[in-house]
Amino acid sequence: MSLPNSVPVSWFLVLAALLFAIGVAGALTRRNGIGIFLSIELMLNAANVALVGYSRLLGERTGQIMVLFVMAVAAAEAAVGLGLFIAVYRQRRTIDVNRLNLMRW
Amino acid sequence: METAIFLIFAALALGSALMVVTHKSPVYATMSLVVTLFSLAVMFVLLGAPFIGALQVLVYAGAIVVLFLFVLMLLNISKEEHQQEGQTVHRWVALLGAGAFVGLVVPLLYRATQPRNAGALTEQFVSIREFARDLFTRYLLQFEIVGLLLLVAVVAATVVARKPPAAPSGAPGADSPVSEVEP
Amino acid sequence: MNAHDLASLTPEIILAGGGVLLLLLEALLPSLRRAFTGIALVVVAAAVWGFQSVPSGASNLGALDWNGPVRAFAFAVLLSTGICLLASQGYLRREKILSGEYHALLLWSACGALLLLRATELLTIFLALELLSICLYALAAYHRRIAIGTEAAIKYFLMGAFVSAFVLLGIALLYGETGSTRLDQIGAAFALSEKFPIIPSLGLALVLAGFAFKMSLVPFHAWSPDTYQGAPSPFVAFLSVAPKVASAMVFIRLLQVAVANPEMIGRWSGIVAFLSVASMIVGNLLALVQRDIKRMLAYSGIAHMGYLLLALVVPGANSIGPVAVYLLSYVLMTSGAFAVVTLLYARAGEQHQISELSGLGFRYPLLGGCLAIFMLSLGGIPPTFGFFGKYVVFMNAVTDGRWGLAIVGVLASLVGVFYYLRIVYTLYMKPESRLAAETSSGLLIDGWGRAAAILAAVGILAFGVWPTRLLEWVLGSPWAP
Amino acid sequence: MTTFLDLLLGDTLTRLVFLPAAACLPLLLLPKGNAKVAKFYALLVSLLELGLGIAYVAARWVPGGGFPLLRDVAQGSGVGNPPGLPWIGAYGIRYDLAIDGISMPLALLTLLLLPIVFLVSWKGIEKHWRSFTAAFLLLTTGILGALFAYDLFVFYMFWEVMLIPMYLIIGIWGGERRVYAAVKFFLFTMAGSLLMLVAILWLAFTYKSLAGVWSFAYQDLLRLDLPLTTQCWLFAAFALAFAIKVPMFPVHTWLPDAHVEAPTGGSVILAGILLKLGTYGFLRFALPLFPQASVKAQPWLVGLALIGILYGALVAWVQVDMKKLVAYSSIAHLGFVMLGLLAFDLVAWQGALLQMVNHGISTGALFMLVGMLYDRRHTKKFDEFGGLAAVIPIFSFWLVFSTLASVGLPALNGFAGEFLILLGSYRTLPWATVAATFGVVLAAVYLLKMLYLTLWGPLTKEENKSLKDLSWREMFALLPLGVLMLWIGIAPGTFLAPSRPALESLLGDFHARVAETAPDEPTLRALAPILIAKPNPAAETATSQDGEGR
Amino acid sequence: MRPLDLLWLVPALPIAGAALNGLICLFWPKAGKATATLIGVGFPGVSMLVALAAIWQYLHGTNPAPFEQTLWSWTTGTFSIPIAFLLDPLSTVMLFIVTFVGFWIHVYSAGYMSHEPGYRRYFAYLNLFMGAMLLLILGNNFLVMFVGWEGVGLCSYLLIGFYFDQSFPPQAGRKAFIVNRIGDFAFLVGMFALAAKYGTLTYSKIFPVVVSAPEALKEHYALGLSFAGFVALCFFIGAMGKSAQIPLYVWLPDAMAGPTPVSALIHAATMVTAGVYMVVRSNAIYQLAPEIGTFVAVIGAFTAILAASIGLVQNDIKKVLAYSTVSQLGYMFLAAGLGAYTAAVFHLGTHAFFKALLFLGSGSVIHAMGGEQDMRKMGNLRKFMPITFWTFALGTAAIAGVPGFAGFFSKDEILHNTAATGHWGLFAIGLFTAGLTAFYMVRAVAMTFFGKFRGTHEQEHHLHESPWVMSVPLLVLAVGAVSSGWVGIPELLGGGNSFHHFLSPVIAQFPEHAIEHPEMAASTEWLLLIASVVAGLIGIGYAFMLYGRGEMGGAVWAKRFPAVYRVLDRKYWVDEIYDRLIIKPLGSFSRFLWKGFDDTIVDGSVRALAWVTETSAQGGRLSTTGNVRHYALYFFLGVLGLFWWILRS
C-alpha cells in the first residue's frame, strides 16, 4: 500500500505548536479546574501530533508507540485527576482554582 | 486532496480547541474537545498512523472525554463563575506568553523541517503487526511500566475519590475549615 | 527481555510486587494493618538487597542504567521511603486512616522513582515520571478529611499534568530532531551537529524545565510549599526528597546530553547557574519569613536544590559524586525533619506553626534533639552530614572556577542558618506555650517514628564525622552517562 | 598503623580533645531531675581534663626551652608519609592534631577555665544542668580541636563546632534578650567563617592544581606562594572570619549583646577563649598564609585595632550596665592584641600571645565577679549598686584586684602583655603605638568608674545592705585566676619562654616571605622548616605496640 | 651575709606586711589592732633598719661603684628586662628619705588612725605604698621604676579613697589615678622610644651609651624634637602627673581627702617627688635636650607661683599645705630643668622632712580638733598643744627659708642656680614665690595657733596634746627639718656643699660639653642670698601683721581686690575648665559614640541589612499566591526564559 504524501510534515508540526499554545493559554486562563485539565489534554494532544508527525518524518515507529503510551497515561491522569476534583468538590463545593488558596504566601 | 483535508481538519481542530479554552460552560468545552480529538484522529491517519487514529477515537474521545463529562455532571458544574477583578494582568501575561511561544517556536519548526521531506509511506510502517511487534519487544519494559501505571491509577483513583473515613472522635481539625494563613 | 534485563529490574519488581502484596493484604487481611509498615519496610530492605543482583551497565535495550552513583541515588530514594514508612505508622494510626493502599502507593512511587533515575531513554523517563507522579498525587490527597490535603494534591496534580505536557512536547522535539529517544544517541547527535542544534535544545529545555519543576527549582518551584504544607506530614518525608533525587539524576543526564556539543556548554552553564542562584536566593529568603514549619522546609528544600546545582554548573564526570553525596545528606535531614514534624504536630489539617514547638526540646528531648540536629545539618554546620554535602558542592564550584557562585551560595546559606536556628531556639529557648502543652495530648509518638528520627540523626552525625568511606565510594565510582 | 582508637586511648591530644565530648554520653544516664549529680560530674570531668592537660604538657616540657611542636601522629601512612591519620582520602583531608608553644597556653587556659565555669555556675544556673554540662564539654572539644588542628579543614570543622554549644549556652541560660543575642552571635560568626571556608577551599584547590594531590594540611598550604591580588582576597576572607571573632571594629556589635545576655559561665568562656581564637587565627593562619597581603593590609587593620582600643574604651566608659562595660572593655583589650600581631615583631607577638592569656584570665575573672553580683542582686545596672565595699569586702577585694589587672597595673598580668605589645609595636608602628598607649589611660578611666559606681561611695540601696560575701566555692573559683594574675605579672618570663621558638620561626618565615615579591602565578615553595615536628613519644609507643600486636 | 645583699628585703618587707595585713583584714576581720600595728609598723621598721645598714655599708664600702642586685628576669629572650635593684648615691638619698620619713609616719599613723575603722586596711595600703615607692627608687631600670611608679599611684588611689563610704574621697582617688595615668602614658612612650633605640631599659646600659655617643640623640626624631628632646619631654610629662605640675597638678589638692599621715607620706614627702627623682635619674638625656630643660624649669616656676598664690587664700589647713607642696615641687623642677640636679634632690630631701612634719603637725591639730580642718575655726592652739605648735613652727621656719633651717639652704641653692644660669625672670618668680610661701605658711601658723580660739565650745573642751606615738615622730622630723639642710651648706657660707659632691657621680659628665658650672661673683651671691632672706622675712612679717592677732586680716585685701580674691579662691577655675573643656565633651562624645554611632550606625547597619532581607522576603513571599494558575504561569514564563536564553544569538 502506498499512500500519497502531499502535505509537508512541518505543517503538522506547526499545527501542533499552535494547538499547544492554545492549550497553554487555556490552562493559564481558565479558572475551573476541569477546564484547566481540558486545556492540558489539548497540550498533550498537540504533543501527540508532533510525535506522530516526527514519526512519519523519520519513518520510524517509536513516536507512534509513544503516543499509544501517552494515551494510557492520559487516561490514568484523568482518572486520578478527576478523582481529585471529586474529593475537592466534596469538601469545598467548588473547583475554581482561584478559591483553592487556603495555602499561600 | 490531502492538503484540503488537512486544512479543513486543521482549521476544525484549532477552532474547536479555541472553543475548549474559551467557552464558559465546561460541558461545551468538553464537547469541543471531542471535535478536536476527532480532527486530530484524521491528522494521524493522514500521517500514516491509522491505528493511532483509531485509538484516538476509541480511547481518547470515547473513554477519557466521557469520564470528563461524567465528572462534570456529577459535580454539576454548569458554567464558570465570572472572572474576578484583578485577574486581567494575569490573563494578558498568559496570552502574551502563549503568543510569544507561538512566535518563537512556529517559525523555527516550520523552517527546520522544510527541506527534509518525509519519504514515501511503506507498508511496513503502517502495519499494525509490526507496530505490535515493536511494542512487545523493543518497548516491552515501557509497556510493563504502563501496565503498572494503570494499576496504580486505578488504586489512586479509588483512594482519592472514595468518601473519607469518619474522623476519629474528638480529633481536632477534622473537616473543619482551615484557618487562613495570615500574610 | 532476557534474564539480564529481568535481573536488572530486581529492585523495581520487588517494590512493585510488594505494593501488590500489600494491596491484597488490605483486601484480604485488613486486621494485619498494623503490620503493614513492617512488611513495607521489609520490601524496601529487600529492594536494597536486590541492588546486588542488578548488573552494572545498560539493560533493557539501553532504557535503564546502573552504576555506582545511580546506586547511591537509588539508595537515597529507598532511604527516604524507609524513613517515610517509619514515620507514617503513628500518623496513620492517629488520624485513623491506616490502610494498605498507602503503603502500596508509597512502594510504587519508590519503584517509579527508581525507574526514573535509572532511565536513559526518553519514553521510559516519561513513563517513570508519570508512574511516580500519579502515586504522589494520590498520596498527597491521602488524608481526605483535611481540606488542605486535597487542595495540595489538586495543585500538585494540575501543575504536574501541565508540566507533563511540556515534557512530552520536549520529548517529541528531541525525538523528532535527533531520531532517537535514547539519551546516549541523542547526545551523539548533539555532538555531531555542526550547527547549533536549536530545536533539540528547545526540546531539551522543555524536558529540563519539567525536571526542574520536580526538583522545585526557581522559577518552577511555586507548587512545593503549598503541596508540602497540605500533604500528610510523613508522606512529605518522601515527597520532599525522592522525586528530587530521581529528578536530579535525570537532570544530570539531560545536562550531559546538552553539553555534548561544546558550543552549548556556555549557555547551559548559564541556565544552571541562574537556576541555582535563583533557587538559593528565593528559597532562603522566602523560607526566612515562613511561620509554618512545613512551608519553611519546602522553601529550604528549594534552596538546597540551588546548592545542589552548584556542582552542575559545569557538568562533568566529577559532578555526579558531589550531587550524590549532597542528596544523601539532603534525604537524611529533610526526611528526618518531616518525620519529627509528623510526630510533634497533632493537628494534621491545620498550620504547623513553628511557634508550637516552643520549649518542646526539653519536653521531648530525643525528638527535639534530632530535629535540632536536622536543622543544624540543613544549615550546613559541622560536624553534620549536611556540612559535608555543602562542602562537596562548594568545592566543586570552586574547582570549576565558579567561586563567585560559591560565595553567593555561602551568603545564601547564611540566611538559611537564620531560619534553621529559629527552630532550634524555638525548641530550646522559648518557654513552652500553653497551646503546646494542650495539644501534646493529641500526639502519638510511637517507636517507629522515633526510629525514623534516630536513624536519620545517627546517619547525619555518623557521616558528619566519618564520611570517609561514603565519599570514597561515591566520588570514586566510575560514571558513564 | 596507628588508628584513631589508639590515639583516643593514649596520652595524646586526641584524648584531650575528645574526652569532654565522650564525657557527654554518661550524662544521658544520669538521673534527670538531680542537678547535683550533674554538677559534681561536670566538675569531676573538667578537673580530670585539666589534670590530663597539665600532665600532657608537663611530660613534654623542656625546662628552660621552648615548648616543642608535637603531633599526635608525626608520620602517617600515605605516600610521602604526611603527618596525621587519613580521614577523607578523596580530598586529602587528614586528621592531624599538633600542639606547639602558641596553642599550648591557650589550651591550658581553656582547661583551667572549664572547672571554674562550673564552679561559678553552681548556683546561678537553675535548670537543665545536664544539658549545661554537655554544652560546655562539647564547647571544650571544639575549642581544643580548633587550637590543635593542623589541617585547615579540620580546623574549620572544630571552628564551627564551637558555635553551636555557645549558641545554646547563650540562648538557653541567658538573660532576657538571649535569643536575639544568641542568633546575632551565631550569624555574625557564621558570616565570617563561611567566606573563610570558600577561601580554604580555594587554597586546597590551588594546591591540588599545583601539586597534583589534594591537601588541606597546614604545612602544605603554607608552601603556596600566591599572587598578591589573590592573597589579598583570600586574606580578606580569613581576616573577616577572625576579625568578627576577635571582634574588631566595626564587626563587634554582637559582642556586647552576647556578653550581656550570656550566663556567667558563657561570658567567661566567650571572653576567655572564644575571642582569642580570632587572634589565634590571625597568628596561626591569616598572617603566615598570606604574608604579603598581611603587610599590605597592615595599615588598615592597625587602624581598626586602634579604633577598637579607643572607641571600645570610650563607649565602655559611658555604659550603665556593668557587664556591658566589661564587654566593651574586651573590644579595647583585644585591640591591643591585634596591634601586637600586626606589628610583625617578636616582642609584640610574644606580648600579644601573653595578652590573649591575660585577657582570658582577668576579663574572665571580671565576668565571674559580675556574675556573682548578679546572682545576689539579679541586676547588673550601676544604679543599683554603690558602696558595696562596706558590705562585701572579699568580693570588693577581688573586683579591685581583677580590675587592676585589667587596667594594666604593673606587677599584674595585664601590664606584662600590654607592655610587651606596645614595646614591640613601637619599633614598627610608633605612632599607632602612641595612640594605643593612650588607650591605657582610658582603661583606667572606665574601669575605675566601674569600681567607683559599684564599690565606693555611700551605701544607698537598702537591698545591698544584706548582701552575702563570697562563699568558699566562689573564692575557689577565683583563686587560680588570682594566682595567675599575680604570677604572670611578676614573672611573665616563665610564660613567654615556651612560646618563643614557635613564634620566632613563624615570624622568621613570615619576614623571609615578605622579603620576596609575590609571584604572578601561584607557585609552590619548599617545605617551611618551622613545621617539622618532633614525634610525639606517646603516640609513637602506641604505634609500636600496635605494630607488635600485628 | 652583707646587709647590701639583703637589699631586696627593703621593698619586700613592706610588701609582705601589706599582704599579711591584707589577708588578715579580709579573712579575719575581728583580729585585734595590736597585730595590725605590729605588722604594719614593724615591717617597715625592719625594712628601714635593713636600708640603713645597707646604706651604711654602701657608704663605707671599699668599692664605691654602684651596687646592683638582680633577682630574676622579668622577660627573657630578645628583649630581656631584669627585676634588679641599684644602690647608687641618688637612690641612697631617696632610700634614706623614704624609709626614714616613711617609718616615722607609720609610727605616727598608729596613733592618728587608732580610732578609725579600717585600721588594718590602712596599714596594708600604707605598707604596700612603702614597698612600691622603694621599688621605684631602687630599680635599676625603667621598668622596675615604672612598676613602683604605678604601684605608688595605686596606693595613692586606695589611700585617698580610704574613706570609701563617702562620695568625695573615692572620686578624688580616681582623679589622682587617672591624672597620673595621663602622665604615665607619656612615660611609657618615652620608655618605648628608649627601648626601641637601645634594646634595653637598664640605666647602666643606657646612660653610658648616651654619654659616649650623644650625637645619636640629637638627630631629629619626632614632633620637631631630637631623640633626647622627645624622650625628655615624654618623661617630663610623666613627671608632671606624678609630681603635680601644671597642667596635671589638679589631683593633688583633692588628694587631701585621704587621712593626714597619707598626705604627709605620699603627697608631700615621697611619692610626689618621684617625678623629680625620675628627671634627675635621666639627667643624661635632659642634658642633651636643653630646650626641654628650659621648658621644665618654666613649668616648674609657674607651678610654684600659681600654687603659692592659691595657697594664699585657702582656709583648709591641709589645702594650704597641699598647694604649698605643689609650689615646692615647682621649685624642684625649676632646679632640675636648669641642670641643677643636685639642688633639686637637695630640696627634695629637705622638703621631705619639713613638709612631712607640717602635715603631721596639721594632722595633730586636726586630731585634736576632732576632724575640723578649717583654720577659721581654730586659733590659740599653742596653749593646748605646745609640742605640735613648736614643731610646726620649726617646719614653717624651714619652708619659709629662715636662715639656718633646712629650707633655707636648699631653696637658696635653687635660686642661686637660677640666677647663675642667667634666668633672671625665673629667679624673680622664685624669689616672689619664696615670699608668698613665707606669707601663707605664717598665715596658717597664725590662724591656727595664735589669736583666740574660734571653734565650738565642745571642741575647745576636747583640745589636747597628741599622744606620744604622734608627738615623737613630730620631734624626730623637726630635728630633720632643722638640720637636714646642713649637709648641703654652700661654700659661700663656709660649708663644703658635701651633698653636691656626694651626688655628682650620678650626674652624667659629657666630655665634649661639660655642664658650665655657674660662677658668680661672691658679692652677687651674697646679694641674692640676702634678697631671698628678705623676701621670706617680708612674707613672715606681713603675715603676722595681718593675722597675728587672730583676726582675718586678709579680708581687707579680699575686699580691696575682690576679683583677684575670687580668682585665687576658685583656684583659677582650672578644675572647672578641665571639666568643661575635656571631661564633659568627652563624655558627650562617648555617649554619642555609643548611642549615636555604635547603636545607630554600626549595629544599625547590621539591623538594616536584616531588615532589608526580611522586607524583601516578605515581599517575595507574596509571589506564592496560592493560586495554581499563577504557579503555572511562573513555570511557563520560566520556560519562555529558557527559550529566550537559548535562542539569544
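Letters A, B, C, D and E name the chains as they come in the text, with residue numbers starting at 1 for each one.
As a working rule, a contact is a pair of C-beta atoms (placed from the backbone, for glycine too) under 8 Å apart; a residue touches a chain by one contact, two chains touch by 3 or more.
On a predicted model such as this, the values are computed, not experimentally measured, just so you know.
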{"item": "Chain D and chain B - chains in contact with each", "value": "C, E"}
{"item": "Smallest count of steps, each to a touching chain, taking chain A to chain D", "value": "2"}
{"item": "Leader among chain pairs (count of C-beta contacts)", "value": "A-B"}
{"item": "Most distant chain from chain B by Cα centroid", "value": "E"}
{"item": "Farthest chain (mean CA position) relative to chain C", "value": "E"}
{"item": "Identifier of the chain whose CA centre is least distant from the whole-structure CA centre", "value": "D"}
{"item": "Mean-CA-position distance for chain E and chain A (Å)", "value": "98"}
{"item": "Chain A and chain C: spacing of chain centres that average the CA atoms, whole Å", "value": "27"}
{"item": "Centroid spacing, where centroids are CA-atom means, of chain C and chain E in whole angstrom", "value": "78"}
{"item": "Whole-Å gap separating chain D and chain E, where each centre is the average of the chain's CA atoms", "value": "39"}
{"item": "Residues of chain C touching at least two other chains", "value": "123, 127, 130, 134, 137-138, 141, 144, 147-148, 150, 153-155, 158, 162, 166, 177, 198, 202, 225-226"}
{"item": "Shared interface positions of chain B, touching two or more other chains", "value": "90, 94, 97, 101, 105, 109, 112, 139, 142, 146, 149, 152-153, 156-160, 163-164, 175, 178, 181, 183"}
{"item": "Chain D, residues touching no fewer than two other chains", "value": "none"}
{"item": "Chains touching one another, given as label pairs in label order", "value": "A-B, A-C, A-E, B-C, B-E, C-D, C-E, D-E"}
{"item": "Touching residues (chain side chain D, partner chain E) in the complex", "value": "184, 249-250, 252-253, 311, 314-315, 317-319, 346-347, 350, 387, 389-390, 393-394, 397, 404, 409-411, 415-416, 419-420, 422-424, 426-427, 430, 433-434, 437-438, 440-441, 444-445, 448-449, 451-452, 455-459, 490-493, 496-497, 500"}
{"item": "List of chain A residues in touch with chain E within their complex", "value": "24, 27-31, 36, 97-98, 100-105"}
{"item": "Chain A - residues contacting chain B, complex", "value": "1-26, 28-32, 34-35, 37-39, 41-42, 45, 48-49, 52-53, 55-57, 59, 61-62, 64-65, 67-69, 71-80, 82-87, 89-91, 95-96, 98, 102-105"}
{"item": "Contact footprint of chain D on chain C as seen in their complex", "value": "362, 376, 381-383, 387, 391, 394-395, 398-399, 403, 406-407, 410-411, 413-414, 417-418, 421-422, 424-425, 428-430, 467-468, 471-472, 475-476"}
{"item": "Complex contact set, residues of chain C against chain A", "value": "123, 126-127, 130, 134, 137-138, 141, 144, 147-148, 150-155, 157-158, 161-162, 164-166, 168-169, 171-173, 175-177, 179-181, 225-226, 229-230, 295"}
